[in-house]
Amino acid sequence: MTAQVLDMVKFLWAHSVLQIVIVFACTLMMVPILTWVERKVIGHMQVRLGPMRVGPHGILQGIADGVKLLLKENIVPSGADKRIFVLAPILSLVPAMIAFSVIPFDHWFYITDINIAVLYVLAISSVGTYGIILAGWSSNSKYALLGALRSAAQVISYELAIGLSLVGPLMMAGTLSMVGITKAQAEHWFLLPQIVGFFIYFVAMLAETNRSPFDLPEAETELVAGFHVEYSGMRFAFFFIAEYANMVLVSSMATVMFLGGWNPPFQMFEVMHVLQKVPGIFWFFGKVAFLLFCFLWVRATFPRFRYDQLMRLGWKVLIPMALGNILVTGIVLALLK
Amino acid sequence: MFGTLFFYYLFFMILASAVMMVTRKHVVHSVLYMLLMFFHIAGLYILLEAEFLAAIQLIVYAGAILVLYLFVIMLVNIKRVQTLREQLFGHLPFALVSAGLLCAGVVTVLARETLLKKPPEVVARVSTLSNPEALGQVLYTQYLFPFEVASLILLVALVGAVLIASRKI
Amino acid sequence: MSNAFKKFIRAVTLVDLFKGLALTGSVWVRSIITPRQVLVTRPYPEVKRPAFPNFKGHHGFLLNEDGSLKCVGCGICAGVCPAKAIRVYTEEGKDHEKVVVGYEIDAFRCIYCGFCQEACPKDAIVLTRLYELADYDNRACYRWKMDRLVEVGKKRPLFRDEVNL
Amino acid sequence: MSTIKITFDDKMYETEPGLTVIQAADRLGVFIPRFCYLEKLSPLGGCRMCLVTLKGVPKLQTACTTPAKDGMEIITRSEEIHKARKAMLEFQLAQHPLDCFYCDKATECDLQDLTYLFADIEHRYDFPPHKRGTVYENRLIERNLERCVHCERCIRVCGEIQGAHAVNATKRGRVTEMREVPGGGECQYCGHCIDVCPVGANLDRLFTYGGRPFQMEMGDSICPYCGCGCTVSLNMRDEKLVRVRPGVDTGVNKGSLCARGRFGWGFVHDPARLTRPLIRKEGKFVEAGWDETLLYVATRLEKIIKEKGPGVVGGIGSVRSTDEANYLFQRFLRTVIGSNHIDSSARLNYAAALAGWLGTKEDAREATFENVREAHRVLVIGADPLETNPILGLAIKAMQNRGGTLWITDPRVTLTTRLSNRHFPISAGAEVPLILALARAGLKDPSLSEFRDTDLAARTGLSSEDLAELAAFLEEDAAKTVILAGRGVTQAPFGATAISLLLRLAATKGASYLFTLDKNNERGSCEMGVLPDRLPGLAPLSEKARFEKAWGGRIPETPGYSAYEMLQAAREGKLSALYIMGENPLVDFPDTKFVEEALGSLDFLVVQDLFRTRTASMADVVLPAASFAEKSGSFTNLEGRVQRFPSLIPTEEGVRADARILVELSRKMGKGFALKNIASLRAEIDSLVPMNGTRRKLEVMGPPLSLPGAEMHWGPGEDPDYPYVLLLTSSLYRNGSMSNRAVGLKKAQQKACVLLNEGDAAVLKTGEGDKVMLISKYGEIQVGVKLCHEIPGGTLQMPEGFSDANPKSLLPHELDQVSRTPMARFVRVKIRKI
Amino acid sequence: MTITLEHYILLGSLLFFVGMAGFLIRRNVFLMFMCIELMMNGVNICFVSFSHYYHNLSGQVFVLFVMTVAAAEAAVGLAIILTLYRNRETLNADEFRLMKH
């Protein structure tokens, strides 16, 4: 009996089904936890308490929110393009989820490894923008539309920076496969040689996920809630989940591209090989968690950009910097060869 | 077998979404159908073992060009777009005749090709490189000059677009 | 070093950004170590902030010592109310006396000016310092009827010295 | 000399002569405070608030009693005057309880206003106020003796204007009390004392503690009771009527109201008001929605019309509803149904008068209220204006106060006969021979020669000398003579002819005439064409082309049935459906049994009313209608004034105004009226009926009326089985289904009672308060007895309009040949004690 | 049944025809632009299929260039549309006839 179950598990694992289920479930479970953590951390940073009501220290707040959203009425505003209005949250959530299929969490734990993995992630995440734009447009609301327009412009601009900042690690690794890139960082992470790239990626990833200080598409003070102002109930929750899934996704990407993926730190020193005793997946998630914490940290610290500042930063600072980084990396690699 | 089925699925979906795209009254709906079509074309490229192109198809077409379309559609007055009068049938005969002529030409060529000549043999793959690597090899050696020209085109387009859109003409 | 160069260095090294991060980060760390000392917010329903001395909140109805209403239904409050928020209903009692059968304040209309309190010849109505106006009943929330006002008048301290919410 | 010069406070004014100083000041806008003075009352000079200084006169004078003379110099403001007035106010306040919180008069109170004006009043008198308490002797008026300032306005208004003398001052000095006069004058519940009281001493008991003026909304409307058409100011609180007062010296009533007008509003918010349409299903009423109900009515009517033609549908319009609704009603029946069977209960009175008017070539002058007030002599024939039209009664009293003479011929003993300077007690039903006699004397018409004076005198029960005096009464000073005629004439056989003769008489002599109308819109309903043979504006049916063009439908050519002919036709099966709008024939029409049989034999009966009246209970469909306060429109009063009024109270859910019901029903019948609101309706009426103050009498006139034969039998005749003659009177407190549901009027008088001569009572061994059974050939009722020595033996009097005992069920209903009005003012009855 | 090159060419050319017909029929400049993209995609499919069947990467390289041109065209074209719209308040290609009159 046990053997049969084990066989079954092995079969499912081999055919990625179980991995998909685990990744999917974990991502979804991250959302309530992350929302709680976010409110708690930012609260503490701003000398507040954060949620305190549901459960001890409000630990069940995320679940309560989820239940609330689940039970809420799904409102379709009058004058909305109903089909697109319904489609938009799905279009937003699905890419965020399927992009996880190429992230290697450990050397034994990834759904698939393809030779264009990085491009795949970029391609899929660029589709997520449609959810936002269409949501804003189909709501028949000026706030939503403005939020969507901002989002579209922002994503187009920062996608370039993200793509270019990833070119450095790619050049160093010489492969587009995620597993390959991670393996290339077994000793030296790309963080140090690609510190400029990491900085650009970090900034662009904040912008790409519409997080503070680049949360202009949903700037509460100006646009009420931006593109999802007309959404309620589970449709709103879809956007919410998509946003957090995207955060986890870009953090995972950063981990893989710059922070050595599942590799423990300081492996250039013999002494530090002890760290390999800790399973790689913990390293991976530790790094992701730190990056996610950075998201919150930044949000609690910096005020929102103005729109022209955002555009100027993207086009006049980050992209030239990224191009320069590629140039320098290329020259150095050529010299080292 | 799976590949065949997949091909027919893609075949049908690409054509269907293309037709839908052309016939939609509302531009945003057209854009959505076009997005659908791009996805399936990307699938087709994967079927044709051009993974890199599949990704680029999504990144460039879906992620950049189509978003730009949507962006501009939203910039112009949508109500006006919706009420745009279209003389659909005024151009229909001309369109059908010219499309039909072209179609006939291609079909005759294809028919002759398939009937008279043997289909081209699939030449055995020599290279062990993966598709992006192989493409890179070709692109940066054989096609280096066109590549540079393409970058120049992009630069000119960039400057031109900014200039046209920003200045009051 | 010249000032401009210093500025450039600051800009390039992002010193200011890191300073900000350091500040929030340190607050966070301290809040985890010694939460009570750092945090300034009040867990509101458990710990309530007393209203300011001149705060005018929920209306209250005062009673005579024998438990009867002080209000005699003269309607001056309704007349003086600039927002027309007060309605007084009186009827003829058994011995032809005037009986206040209904008193209603529309909380949506009320501007808490306190004129009613000033005008009342019997000192029957007061604006207490109660600021919690929410209710579970939708209508009771903005239509304050007599029993609610009496209840408020009974339990809420009204004068500055007594106030200790 | 048309003006005099008078100086107030060094400022010279010109004014008309013959005024007192305070009147001149009021006209010129100079303020002089007062408590006791009121322009319509005689001056008293009691309150001393109007003290002024006359140059050259050492002491202060009361402005209300001093006549203004040319060149008079008056100072109204000075230290001395202020001190004097303040002292008077201090006296008043020493006695006055400061209970403004409890007093309903607060904010409308003259004492309060003046106290604020003299803000620095000292209170030096420290004697305990005289505890006098509040008196509830009057059922509708509370008299708070402590608040009284002894201005005696109430006493004077009650005596001088109302003539009731129900209030008077008792005791002397500071303990003077205004009390009901025990056993003296009888309060008529006009409530005038409430209005004139400057403080809260006289208060409306229906309104006690009902609210403050700033909590109420007020709007003017027209009283829905009698034909006077008084302007009433409705006071609403939270969209509910709480008080009715007269408009401020506006309208025909000039600040007066009667009991009905002031205290009769209770029906508006009566819980018995219908709020949902009712459909009879399997013998029981079921509530239904409006759409459903109107559709049901429409389909039923259409079915009946399809099966039997439009001639089997009739309609009874309303003398209670507005001109507009009546106009729509007849338009609905004439064009949508296609039937001329239209009538209303105006048939019982005004329709007959109208027939007489239309049959007279001579155009007599129609009097107005103002004419009556200023007349020198008034002759009343067969009417009781003090009961039926109290404000007209007030005008007569005012005429008498000015030295005018009131003569009345009436078989009954009524308020008016008591007030009259001379009463000619004619025998029952003798109005027509009396008029014939007067006409013979006054007109010299050869066609009247067949009647012999002695014969007529015998018929009237008057001596020839009396008749000669009456005839002479009309000869003198005719321009200042008003002839008032009422139901006594219109409901008599050949009543229309008699009216015609009366009008000829008035026209020949130059006297003016007026008809007393019991119901508020009798005249309006007739003039709007709710008549079987007349179109709006009283246009004859031959003019129908004009209306057909405007209405876009066919109007039948032949005149329809009048009310009783409709009922007769229904009994005979010639009428299948009847639409009754706001009428209660089962109660208001004579011969109840006949009416009941007639209504019972109908296939389909629609009743549109405020209440589930007895008639409504027989209906197949009952439609709840709006009351006067809830709808807008106009009423035409007995002078012919068309008075518009707005809707002041929102209708309850499910209640709709008459006009709206008719418009919607017409839509359901597929021939919808394209009317948006009452204003557009009024515009349509105005375009079709160009009244412009002068009626085109010659254009609408009918053929002259035939005279009765000389051998005509007039009176109740003799019948040993039914020894008593019952005469119907009107009551001030009851006037139909609305007044029976008004709390105030119920308080004023509970029950109807029959007036019986003391001698007859002794024979019958009944006393005051006993219950008796009155039995006639047509029905029987139970009623209490009240003894009255003024009534001649063998005669009974009983008021109509009470719901508990309805004398109409005792009456016969023979129709007059000319006016087709039932002749029903008296009936022979027998009495059985129970 | 195996999928031959002809299948792909057929698909590519049909896509091209749809795009062409759309370009001729529709008067909305946005849709006309999108139809051009459609035609380019039809061509791209042919290129990639050639590249696959003849094992020559030049086809894919060409597709890359086509995409580059398409992107450039979209950028410039949309800028022109935006300017036209600002000036003419319409998106109907038939109404852009300033040169005619």
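Read from first to last, the chains carry the letters A, B, C, D and E; within each, the first residue is number 1.
Note that in this section a contact is a pair of C-beta atoms (placed from the backbone, for glycine too) under 8 Å apart; a residue touches a chain by one contact, two chains touch by 3 or more.
Quick caveat: nothing in here was measured; it's all calculated off a predicted structure.
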- Task: Touching both chain B and chain D: give me those chains, sorted by label.
- Result: none
- Can you tell me the least number of steps between chain B and chain C, where a step is a move to a chain it touches? 2
- Note to self: most contacts are between B-E
- Task: Mind having a look at which chain is the central one, using mean CA positions?
- Result: C
- If you average the CA atoms of chain B and of chain E, how far apart do the two points sit, in angstrom? 6
- Note on the structure: Expressed in whole Å, how far the mean CA point of chain A lies from that of chain C is 44
- Query: How many angstrom between the C-alpha centroids of chain D and chain A?
  - Reply: 87
- Task: Between chain A and chain E, tell me the centre distance in angstrom, where each centre is the average of that chain's C-alpha atoms.
- Result: 33
- Query: Hey, what residues on chain D touch two or more of the other chains?
  - Reply: none
- Two or more other chains in contact with one residue: find those residues in chain A. none
- What topology does the chain contact graph adopt: line, ring, star, complete, or other? line
- Note on the structure: Touching pairs here come out as A-B, A-C, B-E, C-D
- Query: So in the complex, which bits of chain A are touching chain B?
  - Reply: 81, 84, 87, 114-116, 119-120, 122-124, 126-127, 129-130, 133-134, 136-138, 145, 148-149, 152-153, 155-156, 159, 163, 176
- Task: Going by the contact rule at the top, pick out the chain C residues touching chain D in the complex.
- Result: 72-76, 78-79, 87-92, 96-99, 121-122
- Message: For a test of understanding, state which residues of chain B touch chain E in their complex under the given definition.
- Response: 3-4, 7, 11, 14-15, 18-19, 21-22, 27, 30-31, 34, 37-38, 41, 44-45, 48-50, 52-53, 56-57, 60-61, 64-65, 68-69, 72-73, 75-77, 80-81, 84-88, 91-92, 94-96, 98-99, 102-103, 106, 110, 113-114, 119-120, 122-123, 125-126, 134-135, 138-139, 142-143, 146, 150, 153-154, 156-158, 160-165, 168-169
- Counting only contacts in the complex, chain A reaches chain C at residues 41, 44-49, 52, 297-298, 300-302
- Item | Residue ranges of chain E in contact with chain B within the complex | 1-11, 13-22, 24-28, 30-31, 33-35, 37-38, 41, 44-45, 48-49, 51-55, 57-58, 60-61, 63-65, 67-76, 78-83, 85-87, 89-92, 94
